[in-house]
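Going in written order, the chains are labelled A, B, C, D and E, and every chain counts its residues from 1.
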Amino acid sequence: MSLLNVESLRVSYRTRRGRLEALSNVSLSVGEGEVMGVVGESGSGKSTLGLTVIRLLPGNAVIESGSVRFNGVDFLRLPEEEVRKMRGRVISMVFQDPYASLNPVMKIGEHFAELFLEHGAASSEEEALREAGEILERMGVPRERLNDYPHQLSGGQRQRVAIGLALALKPRLVIADEITTALDALVEAQIVELLKEVKASYRTSMLFITHNMGLVAEIADRVTVMYAGEVVESGRVDEVIRDPMHPYTKALLSSVPRIGGPKDVKPIPGEPPDMHNPPPGCRFHPRCPFATGNCRVEEPVLKGIGDRYVACHLW
Amino acid sequence: MSPATSGRELLRVENLKVYYPLRRTLEEILAGVRRFLRAVDGVSFSILEGESLALVGESGSGKTTVARAIVGLVEPTEGRITYNGYDVAAFRGRELAMFRRSVQMVFQDPSVSLNPRMRVGDQVKFPLDVNKIGSKEERRQIVLETLKRVGLVPPEDFYNRYPHQLSGGQRQRVAIARALVLRPRLLIADEPISNIDVSARAQILSLLKELREEMGLTLLYITHDLSSAWAVADKVAVMYLGKILEYGRVDDVFTNPLHPYTRALLSSVPSLSPEQKLRKKLLLSGEVPNAINIPSGCRLHPRCPFASQKCRVEEPSLLDAGNGHLVACHLYG
Amino acid sequence: PRAPAVKVKDVLVIGTTDSIQTTLDPAEAYDYLGVNIIENMGEGLFAYEPGTARIVNKLAVSYTVSADRKVWEIKIRRDAKFQDGTPLTAQAVVWSWNRTITLNQDPAFLIADLIEKAEAVSDDTIRVYLKQPFEETYVKSLLATWVAFPVNPKTSPMEVVKPPRTLDMIGPYKLGAWKPGEYIELVANPNYYGDPPKTPRVIIKFYKDAQSLRLAVENGEVDVAFRTLSPADIKDIMAKGQLQVVSGPGIAPIRYLVFNTAKEPFNDKRVRQAIAYLIDRNQIVNTVFMGQFAQPLYSMVPIGFLGHKDSFKEKYGDRPNIEAARNLLRQAGYSEANPLRIELWYTPVRYTPAEPDIAAIIKQNLEASGVIKVELKSADWATYRSLFKEEKIACWLLGWYPDFLDPDNYVRPFYHSKANGWLRVNYKNPTVDRLIDEQVLQPTDQRLKTLAQIQDIVADDAPIIPLWQEGQFAVAQKNVKGIVLDYSQIFRYWLIYAEVKG
Amino acid sequence: MRLPRGFGEWGILVGGLLTAIFVAMAIASTFVTIGNATESYVVVDGRRVEVPPLMPPGYTLEVGGKRIVFLMGTDQLGRDVFARVVGGARFVLTIAFLSTAISAVVGVLLGLLSGYIGGLFDRAVSLLMDSMYAMPGLVLAIAIAALLGVGVLNISVAIAVVYIPSYYRMVRGVVLSLKSSPFVEAARVAGAGPWAIVAKHVLPNTMPAIVSLLPVSFADAIITEAGLTFLGLGIEPPTPDWGFDLNKGRQFFLAGYWWIGVFPGLMIVLSVLGFLMLGEGLNEVMNPRRVEA
Amino acid sequence: MGLKEYVLSRLLLTPVMVFVLLSVVFVLMRVLPGDPITMLEGKNIPEDVLARRRAELGLDKPLYQQYVDYIYSIFVKFDLGYTALERIPVSYLIATRLPATVELAIASSIVAVAIGVALGVLTARYQSALVKTAVRVYSSVVYSIPVFYIGMLLQLVASKSIGLPTTGRLSPVNMVVLDTLPFRTGFTLIDSIIAGRPDIALDFLSHIVLPATALGLYLSGVFTRVTYLAVEDSMSQEYVRAARSRGIREWGVVLRYGLRNALIPLLTMGGLQIAALLGGAVLTETTFNWDGLGLLVYEGILKRDYAIVQGTVTIYAVIVALVSLLVDITYAYVDPRVRY
């Protein structure tokens, strides 16, 4: 039994232009201590997935069907207050923009103290700060930084703080939504190293959301590839990279030039679909070189092939 | 590898410095001290006709500033820029206008580099208008062709759209079209793929490559994404804090990086191959210091695992390590 | 059962919308409230007896007038003392008059034009040489004005005393505190020779508008509201009956319409007369003053005043006479096709808040002729005054507060060509000039005839059209007693008191 | 037809409706006589009939078999309050319109010049504008209104002066941020001169800000106008005007004749509200803050 | 630029701003027809008396000379001059009137801020469309009601049913008590404590309720709007979502994240509102017979008393400059990013 089981999740947003289905029938599972990478281009629904799992969707989102089971409990049906108490303690999240995800008027220490006190994990502020100092150092930030405001830290340090906050209460699942996108290459590499260490020491499960297949290859155990709100493929990372089954995964992998490799780039033709009017049938068919008549009409379902899943009529 | 290099030098940048004066604090005013942000601090390179040079480096290393100095958006504090062998600073009147037309730039973020209140066609046409090229009908024709050239088909359809009705990739195409419409010889592309979607990146890259091949464009490609530089450029210059630390043919530099900084950059690229995953990475500690207090000696030394006493004091100069592969590091003194 | 003991409140608050325009120096003050406060802190040789229009001796005990009526000898009281205890002397009186004349401030002419010379014959006798053989009550009424009040020579400087100070005079009250623009406190003068004031302490609180004043008196913060609640409010207050309304004869201000008779089209007497025919004083009084707070006025000499004659009513009637007006205008060359266009000016804040309404009524009255087109124009007082002073406007509304209670003060400043320069009415009629000069020298019965003659002539010439005179109304709490409103226009604080139980 | 959604659309609907009503009133009062707005009499069959003053709302006058209803009563001179309220719309809206136009044009021009030219000119103009901004607006308006005297144009100018700095600051701010924006730089790289840039790139982009400021400053102008005429400045009776009539009504308010002031006051509130709502609505619809795409 | 430099440059700029304003006022007032002397009673005052009065005020000198004198006396002698008719020092008048305006400004700001913040927080806490709409409608409606209209209606209600005082700052009797104190600040509340008279303090409070409510309600329109928008804005920031992802309870999020960050724009707006507040005070003071600066300047303009207008304008400019200075300094406490 996995720690997290997402089943047939359908989430939409109410917008001015009407209903926008951000997740259509998404299923995935994350095992205990496992890192699940989620890749896909912008707008494919990665963040929506992460926010649904932690139940922090914006007000105009509607969970239409499906379930998110956490340790077997249907997370979506728990009362809000209970979910709130679980957030931070059992399940937590790190966001993309380190410059925006810390409160600019609160010291780093205050962030930690607030967290500890809120969840009763410390009895006093001093205790909380002592704990926090420890965590901070494990994240590679000097303890003295507790007395600083976020703006006094560099981007990388802030993201370390955010990760520290998410891990502080040793949650069982951390959702990391593009946490390195806003960072410079060298800093990104540092954070990736940090995550690898965290993975080894905390044994926390992780939903690692990114659009960079390379990063997934670095840290994730398994990967789920999303396209236009749907899961198109999932499986063990090395297998998916070595032998992508879905044309989209293939195209994605070959669109990135590799240093030392051939110098030609093979872009995926066309544009991603307008999510208000997704194409019928397979959503990838307008851009798919292998598309057949059937692809235009019939929506492929996610089929299990060994321990891999793919949603394509070719399989 | 270079499709149309004639070997003639088109643009040369010599010892370029761009300093931004900082607002002074009270004590500084009283003490008469002036402080500067040294965005570009002595950069020299040249681009041959038809060649493609990648300028790579982390955020804040001064890449954009170099580009802005070349197109005249910022006055160099020091140094010389020559075009076709002529000093750009001496250009006046028609010469200046001709030079401006022949060097065009694509800006970093397509979501802000287009005028939100102007139709796509008019934006692309605008350079023609201000340079009074062609008749009204001709201009429209040129615009349509250019739109088609950058892959915005059917061009008539895109002509009347507003930027917010386009995807990020399409906007970047418009920005490229706007730069191309004056038929420049040198195109400066400032991180054209960093703010757009993954799948559109490859499209823009291949567009740039096509343009080079078909129009014989000379390209100054600015990026922090090394793999894209690999695909697009013939030569590469690695910048750090306003200085070039390593320069050479892409293949030489990327397969045999000399400077510790270049090595760190390369090893930070996440790799898809499992073998590389196991290879020991060279990680630099800390982050780029700000350009106001540039470290003494070699500007990388506080972060460099190989730094020696010499590095702290003496600034290494960019020297040839053989075969036109230049490096500024005491390890290769 | 014994009636509950009645006590008098030891502080009384009087609210007003008036303000003190300049100082409280009798040599300079020349505005209603300033003068009135001085009248409560000082007195002259003569004074009006409260409730009547009679002039009686005050600091004077007796006087004799020479045969040629040019030299007066006045004996003064010996028991009067200034606030600091200095006894009053004839020298002090003469010094005070000289001070006023020397300082030569705005109202100085009141005695400067009267007195040639004054001297102290002894400590208690003053000899006054008049400039002309003026009529007796005329002289007394001028000597009763505040500019002639003796001030303490020991403490009074030979310059105008500025707020927040005043001078040491002989009167029931002396100045307590003064916060310019906000209030004045008067306290009983311990060295006053006469009866002490009924209320030892009086606060005069200045309000910016009639509504605030009404709210304050209804709220009980103010015991007496005097000058000026709006007619509608007074009527409402009367109807509600929670407060008392005390009324008295009004001559201040009288209101009138002035023409610059040197300017087109008002240099044409027929135009002025036509306007006199058209104005409906009753409509103004009935609408704006609710029919009971003002009276139509048909002469510049107010009703109830010595020598008053309804000359305008006799000549023009008391209802608009459109036909007569049209005839005159037609003679003057105006018609429906070529109407007379005039600008009628008024100033909105100085007199009543209803000024725009009044102007609107007059406009309507004039336009009823069908031959006149009126454009209403207004300006704040400062501008307004320079406009008519510089003769930029030719038809405007004004009001008049008397300087002293004598008909002369209602004819000379308006009609005598040597005295009406300030008004820029440019009216000069040698007959009228002569008659005005004569009447101040004539004995009363003959004077009345001369005054009647003057009023008839100026009604025919119509350089100024009198409109109405406003009554005096004080609104007070029910327990307030002793309010006397009479022709003197002096609001005597020292007579007022409020009873409280216990 | 669907119902409006969200505050923005409702704002446009309600605000637009109110605005339309007032504009209609203003236009109507220009062309037709509604009642005796400026005279104390009505003319029936060529005969003048004086209307009694201070009659409560709903008062009906019967003359020669005709019934004239005074919906909002009569004022202290017997004028029809309803007619005055309607007539006031014209005066008030004209002034609001003129003053908004003047301040917008002057402010925008100065802001553009200042922002684009920069340097000493910018400093001087900014100093003047900041100084004016530091001055309580109403006091400034009072001073200028007292200076200029009565009249539509005069009072409009008095109000306009107060709001010039708002436009100036806003436009200057936008220009400064646009000046260094990449698309302006792109235009410069393309060889465009300052005028082409201002005309094609800067001005159009200041428009949304200007347009969203317009209704608000229009509403402000109405309030300021009311404040000035309430203090008795700028207006020549018997011209109907809300602020002036409200002040008049205030003098009769405590005596129980509430209708003289309450109705004009209500007009001020409703018209200001109308323009505000319209402005907010437009602003929200034009510049959505959150992406609800 | 550090905070210190900013504060300093603002300080240096203030006299320049005052100078510019005064020059504007000078020009404005001198082109007006009429001068304070014409304010004298419309009587037959001899011309020579008037001419002497003009000379006393220096009004007979050429205009440029008057301008130089006047700038000189303000900037070099710190002398605001004398009123034209009463010849009271303007500085004295301002000193007696300023506290009244400050009292009104503070009291109405308290009302406005209390309402604004309460409503702003309410919307953030209960993210319901109904509450939001209600709050926005409230802010628009309240903003649309002129102060004098609210004032008039409040006066009626209060005089008819509540029995609160409806005009003035204090009962006249109490006013005299405070003014005759040997030492006094001019601020009623403080003075009544000095006098040991809590009943006077109470009297004052009952007097200020209505004007403060009228002006405060009016200002609360803007305040509510800005608070609402600022809180909305800070509540839509990523850090709010991040806080929620850590299980922080909603009230904590609203207060520590939403409100605290909204304070910064609120403060800016508060600083800008000071001029509006003082402007609104003119009308409030007129309506409630509140003897403050607003009434003073209004009367000064009508009386053409240059000295009063110029003096008041100087004070206004200085107040606004000082308040914005204060705001800038307060920034440092609210927004750590400004600190250095």
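The working rule: contacts are C-beta pairs under 8 Å (C-beta built on N, C-alpha and C of every residue); 3 or more make two chains touch, one makes a residue touch a chain.
This structure is a prediction, so every number in the text was calculated from the model and none was measured.
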Q.
Using the contact definition given at the top, which chains are in touch with both subunit C and subunit E?
A. D
Q: Name whichever of A-B and A-E has more C-beta pairs touching across its two chains.
A: A-B
Q. From subunit A, which chain is the farthest off, judged by mean CA positions?
A. C
Q.
How many angstrom lie between the centres of subunit A and subunit B, each centre taken as the mean Cα position?
A. 32
Q. Using the average of all C-alpha atoms in each chain as its centre, how far is it in Å between subunit B and subunit E?
A. 54
Q | Inter-chain centre distance, subunit B versus subunit C - centres from mean C-alpha coordinates, in Å | A | 89
Q: Averaging only over C-alpha atoms, locate the centres of subunit B and subunit D and give their separation in whole Å.
A: 52
Q. Which parts of subunit A, given as residue numbers and ranges, touch two or more other chains?
A. none
Q. Of all residues in subunit D, which are in touch with two or more distinct other chains?
A. 146, 250, 253-254
Q: Mark out which residues of subunit E touch at least two other chains, giving numbers and ranges.
A: 32, 155, 159, 286, 302
Q. Which bits of subunit C are touching subunit E when the two form their complex?
A. 11, 13, 15, 20-23, 30-31, 104-109, 160, 162-164, 176-177, 179-183, 185, 203, 205, 207-209, 211-213, 215-216, 218-219, 221-222, 349, 380-387, 389, 398, 401, 403, 413, 419-423
Q: Would you pull the subunit E residues touching subunit C in the complex into a rising list?
A: 32-36, 38-46, 49, 85-88, 93, 96-97, 155, 159, 165-168, 171-173, 175-176, 179-180, 286, 288-289, 291, 295-296, 299, 302-304
**Q.** subunit B-touching residues of subunit E, taken from the complex the two chains share
**A.** 1-2, 4-5, 8
Q: Flag every residue of subunit D that touches subunit C in the complex, lowest number first.
A: 38-41, 48, 53-54, 76-78, 146, 149-150, 232, 236-238, 248, 250-257
(Q) Under the definition above, what is the set of subunit E residues touching subunit A in their complex? (A) 127, 237-239, 241-250, 252, 256-257, 260-261, 334-337
